[in-house]
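Every chain is named by a letter (A, B, C and D) in the order it is written, and numbering of its residues begins at 1.
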Amino acid sequence: MAIKILNKEKKNIAVGDIVIGQDPVLISGPCAVESREQLIETAKALKDIGVHILRGSIFKPRTSPYDFQGLGIEGLKYLKEASEITGLLTITEVMEEKYLEEVAEVVDIIQIGSRNMYNYPLLKAAGALNKPVLLKRGMSATIKEWTMAAEYLAANGNENIILCERGIRSFDDYTRNTLDLAAVPIMQKETGLPVIVDPSHGTGIKSLIKPMSLAAVAGGADGLMIEVHIRPEEALCDGKQSLTPSEYGEIVKALKDMNLLER
Amino acid sequence: MAIKILNKEKKNIAVGDIVIGQDPVLISGPCAVESREQLIETAKALKDIGVHILRGSIFKPRTSPYDFQGLGIEGLKYLKEASEITGLLTITEVMEEKYLEEVAEVVDIIQIGSRNMYNYPLLKAAGALNKPVLLKRGMSATIKEWTMAAEYLAANGNENIILCERGIRSFDDYTRNTLDLAAVPIMQKETGLPVIVDPSHGTGIKSLIKPMSLAAVAGGADGLMIEVHIRPEEALCDGKQSLTPSEYGEIVKALKDMNLLER
Amino acid sequence: MAIKILNKEKKNIAVGDIVIGQDPVLISGPCAVESREQLIETAKALKDIGVHILRGSIFKPRTSPYDFQGLGIEGLKYLKEASEITGLLTITEVMEEKYLEEVAEVVDIIQIGSRNMYNYPLLKAAGALNKPVLLKRGMSATIKEWTMAAEYLAANGNENIILCERGIRSFDDYTRNTLDLAAVPIMQKETGLPVIVDPSHGTGIKSLIKPMSLAAVAGGADGLMIEVHIRPEEALCDGKQSLTPSEYGEIVKALKDMNLLER
Amino acid sequence: MAIKILNKEKKNIAVGDIVIGQDPVLISGPCAVESREQLIETAKALKDIGVHILRGSIFKPRTSPYDFQGLGIEGLKYLKEASEITGLLTITEVMEEKYLEEVAEVVDIIQIGSRNMYNYPLLKAAGALNKPVLLKRGMSATIKEWTMAAEYLAANGNENIILCERGIRSFDDYTRNTLDLAAVPIMQKETGLPVIVDPSHGTGIKSLIKPMSLAAVAGGADGLMIEVHIRPEEALCDGKQSLTPSEYGEIVKALKDMNLLER
């Protein structure tokens, strides 16, 4: 038995032409891929404000079986096209082993979402991929459980792991989740891996995304994942917590004003 | 859109020769199927004290990838043999869609564990089975999320659902989890489904299993799932929270003394 | 330094003509003392169904400063009169050191409420009284913190302590609090003191009070504290979680049917 | 009934020669006032690195009655002397109404600690003082409860309130508390009051204080309260989470590098 990632030296993850773990990486895009037009229009706007990686779910884990579940594999071609047009790298979530390879052929990073952090068979399968994995924290995962979930990836051969703090469940329901920013330096120290922050799910409230983005990067986060929609009021999911590209641009500007992002 | 289970009339679930939802059902067995001998010996002892259904995991979701992960499909034949010898019905957990059918051919109830309560693809697949499903509460699942997870099963055609409260995550780590017994009458009312309680995982402390078993049934639980091992000190998992068959027998006796179980 | 109560032998607390720690003690009454008539009428009805101790707050700790704060010292005389008429013992909450002695001259048990479990100056002062104290668990108090709060009483000379589990704060707001019934046998073992349960605050939902009362006593609780109002719809506080005397009577009957209360 | 502070316009609090609510205010000092020498030496070092307000408890609310409870009123003269020597403003916690006036004559801000956020009689009394009050969040206080606790002060006449986020209780015990930085912009919006952050209690881990300080101020906090001890290894309380003045100086420098503090 050998713990591969625990207390390891700092490790950067190269993805395409960027290196995660150095300057803050900006990941953004809509909650869900809704259509070709929506995704490409969003991608262009995000490219303009300096985003590096386009997110957009094709499989949506929804609390209700009657809510929009995502376009499925059809959405993959839109991610590919948006990437080709803009040069943005891409990330999307996979919930089932059977889709891992097909999706990994197209996108640059595979996301394992909060609801699947304890899905060990999926982690084992993703550990066998030759593709970086972004592993979100489970909604009530302890530091140890999250570390060991990453270890499932590492133990199966994949150490190209990016961690993502996205808020935990607490007693207060004012916010959707309680963003645990101390988890950023903790996980960096425990694993050596880059840790990014998702203030969209971490708060669920539009007006909190800017202050929490600044707080996250000032506190050492290796990047941000923020939901952006070109027309938030029409979004099929998470519209209330989605920024417009222009609102996102204000965050980028503020990060530069604090010398936290290169001009 | 139609919510199938919400606020439904009380529903009993027939499994083999028993009916869950009437007298308290007793489910018991080891954390993991470890060997043919261990399982059969345990099953015989459990049969003697009035247990109805034998549990035993062949797939174990473990926090660490280096811990014992279960015997896998090999263990299935031991469950089958133990059932044939004792007449006990059987239940085991499945974590992957690809094993659902093979396991469902042998056991009487498929268990979806806490870590997979949010695994919607797995729930959809289990919803397509013609086999009762025991759905454990996620470790920080709200009443609504748990209800909607059951709805994933119902929406896909399977309304033979048994719910299982197994403790939730709270701020206090004195116990392994905080057993939320109020969830029993709440979920019975919200769904009409039978709700059983797992005081073994719900407390993680041997001395608390008897009082919490009595509390659960007195509070209206439709049954108990308790981990029993013939030699707890040798158990490959959960030894510290496993009762001996004799300790289990004392719980059965106390339930009878309270007129909560038929003599 | 000597821990006085930790892991002590079981200790019963004599109050008037009853002994807490033997048969389950029934404490009941309105959330607040509202008027002479309300209290006396309630006390008579409670006496008839077998209650031992009358509760009723004269000081109310309310989240909002604009909510009804209690009758204050004026209410004390109603408690006294209700006790004289019915023979019931009495308990009421004190939040300030300056009222401790005056109240202790009239009532049989002083209550320290959840919001004051960490109020160490108040605990020290109550520790100097020659009067039993009922110490409620703080809303997010760990087992250790609760034990040490009791120790503040003991260290100052008062070991006549009754503990009361009243629900803790968790992530789910379906109920007002999450009733932690495992805390009953835990605190009994840790301190040797009697532990009673308050299912009214522990759930905040009328329909859950009966099942949780039965669960509590079956799980070993030394008694119950339940809010009862003769006309719950007119109550100045906690009306929604208040039972009528008749509904309370059904709980008493069910406890007898389970052989948990003497007939 | 009038809610005085809810959704009010932004309000700055003048204390001595500073204004809280504009540039970040730096509050620092030892957990407890231990001796004249310790406090004066600390105050001088803090003055040198730009701290505005000296903290130091003379009354310590401790979980165990056998732990150091503070010097009491004796410590007040050391606070006074340290202030006279260095020109620093002072703050200290009061837990009992009977000491409020005596302490308010000496210090510039009265602190109500987490354990007393629900101590409404104390809040009413502090509301009658003509002295700014720093109100810490209770360890599991909701946004609403915290807001209404502040309202207890305002309703009794004192609107000179500074709020302090100091971490909440969550399921993970890796840190002492879970620092809820989103509470900063939330409470600023809900009340209009300045909100500062205490990363010392908010994490309990020395190495996390710097990143969480930067995160707090970047996220909009109106100041920081950080525990500093000249010899942390000798501290009578909270030594493990206390910084040296030199370590504190690094935080001040980093805040200036981010343009978050005037040079």
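Here is the rule we go by: contacts are C-beta pairs under 8 Å (C-beta built on N, C-alpha and C of every residue); 3 or more make two chains touch, one makes a residue touch a chain.
Being a predicted model, the structure only gives us computed values, none of them experimental.
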item	value
Farthest-lying chain, centroid of Cα atoms versus that of chain B	D
Residue-number overlap at the chain B/chain C interface, same or different (half cut)	same
Chain B and chain C: spacing of chain centres that average the CA atoms, whole Å	35
Rounded Å distance between chain A and chain C, as computed from the means of their C-alpha atoms	48
Of all residues in chain A, the ones touching two or more other chains	140, 144, 169-171
Chain C residues touching chain D - in the complex, by the definition given at the top	1, 61-66, 95-98, 115-116, 118-121, 124, 139-140, 144-145, 148, 151-152, 155-156, 169
Chain A-facing residues of chain D, complex	140, 142-144, 168-172, 174-175, 178-182, 184-186, 189, 202-203, 207-208, 211-212, 214-220, 257-260
Chain B - residues contacting chain D, complex	140, 169-171, 173
